[in-house]
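Chain lettering (A, B, C and D) follows the sequence in which the chains are written, and residue indices restart at 1 in each chain.
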Amino acid sequence: MGLVESNKLPKPLTRLLNWGRSSSLWVYQWGLACCAIEMGAAFGSPRYDVMRLGVIPFPSSARQADFVCISGTVTDKMAPPIKRLYEQMPEPKYVISMGSCANCGGPYWDSYSVTKGVDQIIPVDVYVPGCPPRPEALLEGIVLLQKRIAEEDMGARWRGEAIVVGG
Amino acid sequence: MVAAEPETPPPTPRHGELVAALGEALGADLVSHAYSATEAWVRVAPAGWLQAGRVAKEHLGLSYLCFISGIDWLQNPGLGGEKAWDPDVEASDPPGDGPGRWKTGVAGGGTRFQVFARLADLTRHVGLTLKVDVGDGPSDPDHPGAAPRVASWVPLFRGADWHEREAWEMYGIEFEGHPGLRHLYLPGEFEGFPLRKDFPLLAREVKPWPGFVNVEGLPGDDDSAEDVEA
Amino acid sequence: MTVTESQKAAYIAGQAADARVRVEIEAEGMTLNLGPQHPATHGTLRIIVRLDGEQVVWADPVPGYMHRGYEKLCEVRDYAQVTTLINRIDWLGSFANEVPFILAAEELMGIEAPPRAQYIRTILFELARIANVCLFLGDMGVQLGAITPVFYAFRDREFVLNLIESATGGRFHPNFDRIGGIKDDLPKGWIDECRVALGRVRGFCDQMEDLLVGNVIFQQRTRGIGVIPRDIALEYGVSGANARASGIDWDLRRDQPSPLAWKHADWKVFTHPDGDSFARYWVRLQEVREATRIVEQLMDGLPAGPIRAKVPARIRVPAGEAWVHTENPLGEMGYYVVSDGSPGGPFRCKIRTPSFSNISIVPWLLRGVFVPDVITILASLYFILGDIDR
Amino acid sequence: MSLPVAAHTILGIRGAYWNTALLKAVAVLLVAPTGALLIVYLFMFKMMAHMQSRLGPMEVGPHGTLQAIAEAVKWLQKEDVFPERADRFVFAMAPVVVLVSTFLVYVVIPASPREVAANLDTGILFALAVSSVSVIGVLMAGWASANKYSLIGALRAAGQLIAYELPLVLAVVGVVMQAGSLSLNRIVAAQAHFKLFGFGGLGLFAIPQVVGLFLFLVAAQAELTQTPFDMPVAESELVAGFMTEYTGFRFLLFFIGEFATAFALAGLGATLFLGGWYFPGWGLPFGHLAWTREVLGPLVLLAKILGLLFVIFWVRFSFPRFREDQLQAFAWKFLIPLSLTNILVTGILKVAFHA
């Protein structure tokens, strides 16, 4: 990946690569709680049909996933498997945290067994608020993620620099 | 807490028959009983717990195990939410609370921890709640290290396995004869028994609960505020 | 990224467990770890199965990945706040979770909601059942490899969710039930819309009958698989459609005196003598149909009148203990509420959830079956993780 | 109709041996992935979505037509992960083996009288032989991944592919007997000349060999590990079966291999039972218009392939899957006796009508 690291990728090529990544997002559905059903509705319901956007909810193995949708309450017992799942996913990988529980603990803010926010364990790209968010909200989150990917600089990502989106 | 009035009649004749039959079979091990408009309670002595379950299942037709769970009668207003959690205040012994002085519920009780279980007869559609005193646990001044314990119902009901594991995990109640009291819900290294009243919720220590909406002082707040209609 | 010590320890323990599992691949027999992120466990149940070839020697379910400490949280919240929380136990039939808790509080306070409120409660309760079980009817297909039914389930379920949303304001978690009644009356035109949606649900049931029940492969995969005998079901406390599929003629809607309005409708309780996965699917399918009939009859007989009884603004539940259980979509759900008379929340709230008992039978049920049947059995038992772990 | 195939002639243009060989190789290497991407878009995305009252990809290109290409671009960028305990060489080679076995099938399928990469006399035998090599790749993938799901998936796949190889071959035997040749182009020619009760010109064996067609489709479904025979990749049981640990372009190779195999098997089926590139009436002397057959033949073949694929994917999206033992029982107790009966009946009729 010397070419990418040296950041000398020609612009059209970068755009092609970003287009490929943003248009084809295989999502690992990490359904945890109530939000999992709204995520299922967004992915499965003909009314929302996330496949229109190029998000393919096929993979059942984390190895083939491009982004993971953490939808629901993350408990302390669940935290290690989530970290492992994230480690199993191949780069470049993205995370959508769906719902108040995954964002910050939500209604279980004072529970003894709930991790208050999945961002304590893995880095999150897009937060979708709600308890649970409507499927439309998740679709918007996915569109935001696609915008972010489309403007991404792979060189920066490979070098581990902070990613600035939008500007 | 006020136990249901002893003169409350059984909700159905069958409830009365069940309690009477249990009393006959257990003798002095049946400590007390109570009725409400829909439900019947029976409190048995710890020694009679297994026998009570056996009689209920095999002779009284109460073959359906609804649940087994525990309860901790320690009063802990800090946890109840009326005031913010104050870690400096020891919650264990508020006045009027302690060994021998526990304020307990329907059908009474003598110890801090109780186990209660509900059995039902699905053909006659009656159910019975059984209670048993299991000890004071850490509040016992003589044996502060002793865990509350009672006989396991696993030999009677296979389904008791998970319920008792849960009760052990949540209250530290040990069930004698249970094949393996392992953690059910919590990760193996979890310390403490979360449903005990003196188990602190750390998040509340860090950030006090803003308060209960319906106990906020209303203008001119006094007891007559209860009569305001919706 | 801060990782707590306990998370680190759990992580190391997980790695060690995997290492053990890796070693065992060379030993005779093998241990297969289904979950917690396995697609079959719809959610986060983990099942460790010991295999001999493809046959299960023993199975050990590990729940708790969704344990949120409801019973503790109920003790530190007041009654109105508890309703918000318990919506999220069985997240597919949320409204059905609220009802028994509110009924328990009402019983302790000696209040009874007016008839119109009871009717609307019952209607929404049955709509929650439809929304819940419809997804099962489709999901069972996915677990068996037929991917299309679940899309139909989501399609027709949307109409039911729309109804719930237009009546309660909450698509998923209505939080609509109040002590002494319900929050609002039904909106205008709701009943007509409801009839249309119920027609769609019945159409969906017919489709499922064509697509799955009549399919030879489906029958081969489910008939005689995971048979639960009657007495074992009782010992484990299996309830709901799972119990009825084992020939236990028991439905709390019919058998329990309840202030809710089921007694005003004419409907049937379906049982099946076989106790296998097919019976469980069939019973649930019929129950959805019956639920549409109940809702239609209740809408016809909906009485006029107030929707809330007189309740003090400051809810203070007198001391006492109450046990109220209802026939929820998944089975018998009950709340054992202990109040100490203080103005706060319940002193103790034992939540008896159906999935917990329904799943505790898994170690018994999985012995000797093949790996594909594990999936069939888990799918047909129909559990919801929040309902197991609370 | 005789088919004098000039060894080094493509569309009437004569070239040097290596020249034509290169051209043929490039053609095969282009056709296979194109067919796979076509299937992915048409059937996996669009047809499945429409069957489920959805729309499928809509945003990437008009009506989502570029979706499959975006997939390929994306997969090429993904990190190439080797599991820690994996047998790296075998792990890396497995998708290649699968893909090579698939590409080799394309070599013998004729798209017109002359547009065939290698017009072997034993074409059908070759195609069936190389298509079964893919099972080695699957086993390699399952073994090398050091993952239990992969291993179970691979073993299931091996058992299944072996069990269904037999009905596949036996289904083809009926056609071969009727055509009297193993060469695919001769089989097409035989179908062009085939007359049923005096009526000819339909140009397909699907009517007399309807049992064979059924057997072929069922066995092809199993070879492709598609529902109702998708135990090796059973999503709800084995995560992704032997592909569980694969990522990036290696997964893309499997992905292409899977659908290219579907395309190739449908191509075989179309050639064997539906008359291949032949269209009724093309048997007539075309004279100087004979070259149109070379242009239209591939299109006719494509249409027939898509028709067969439609059936295959229709079943895939509608049916639940068998259990492993039920699948074996179905193959050995039902399909194989049926195919043997089919051969017997075909033989009797052949002798009776030719005698």
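The rule is short, and it goes like this: a residue touches a chain if its C-beta (ideal position, glycine included) is under 8 Å from a C-beta of that chain, and two chains touch if they have at least 3 such contacts.
Small disclaimer: the values here were computed from a predicted structure and weren't measured.
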Pair joined by the larger number of C-beta contacts - A-B, A-D: A-D
Euclidean distance of C-alpha centroids - chain C vs chain D, Å: 45
Centre-of-Cα separation between chain D and chain B, whole angstrom: 66
Averaged-CA centre spacing for the pair chain D and chain A, given as whole angstrom: 36
Where chain C touches two or more other chains, by residue: 6, 10, 13, 39, 64, 67, 69, 72, 76, 151, 155
Per-residue overlap in chain A, given as positions that touch at least 2 other chains: 46, 60, 76-77, 110-113
Numbers and ranges of chain B residues touching at least 2 other chains: 185-187, 190, 194, 199, 201, 204, 209
Which chain pairs touch, all of them: A-B, A-C, A-D, B-C, C-D
Of chain C, residues touching chain A in the complex: 1-4, 6-7, 10-11, 13-14, 36-37, 39, 42-44, 64-69, 72-73, 76, 84-85, 88, 91-92, 94, 135, 150-151, 154-155, 157-158, 171-173, 385-386
Interface residues, chain C side, partner chain D - complex: 21-22, 25, 30, 32, 38-40, 54, 141-148, 151-152, 155, 211-212, 215, 217-218, 220-221, 370-375, 379
Touching residues (chain side chain A, partner chain C) in the complex: 30-34, 36-38, 40-41, 44-47, 60, 62, 72-73, 75-81, 83-85, 107-108, 110-115, 119-123, 131-132, 134
Interfacial residue positions of chain B with respect to chain A in the complex: 185-187, 190, 194, 199, 201-204, 209
Chain B-facing residues of chain A, complex: 76-77, 105, 109-113, 116
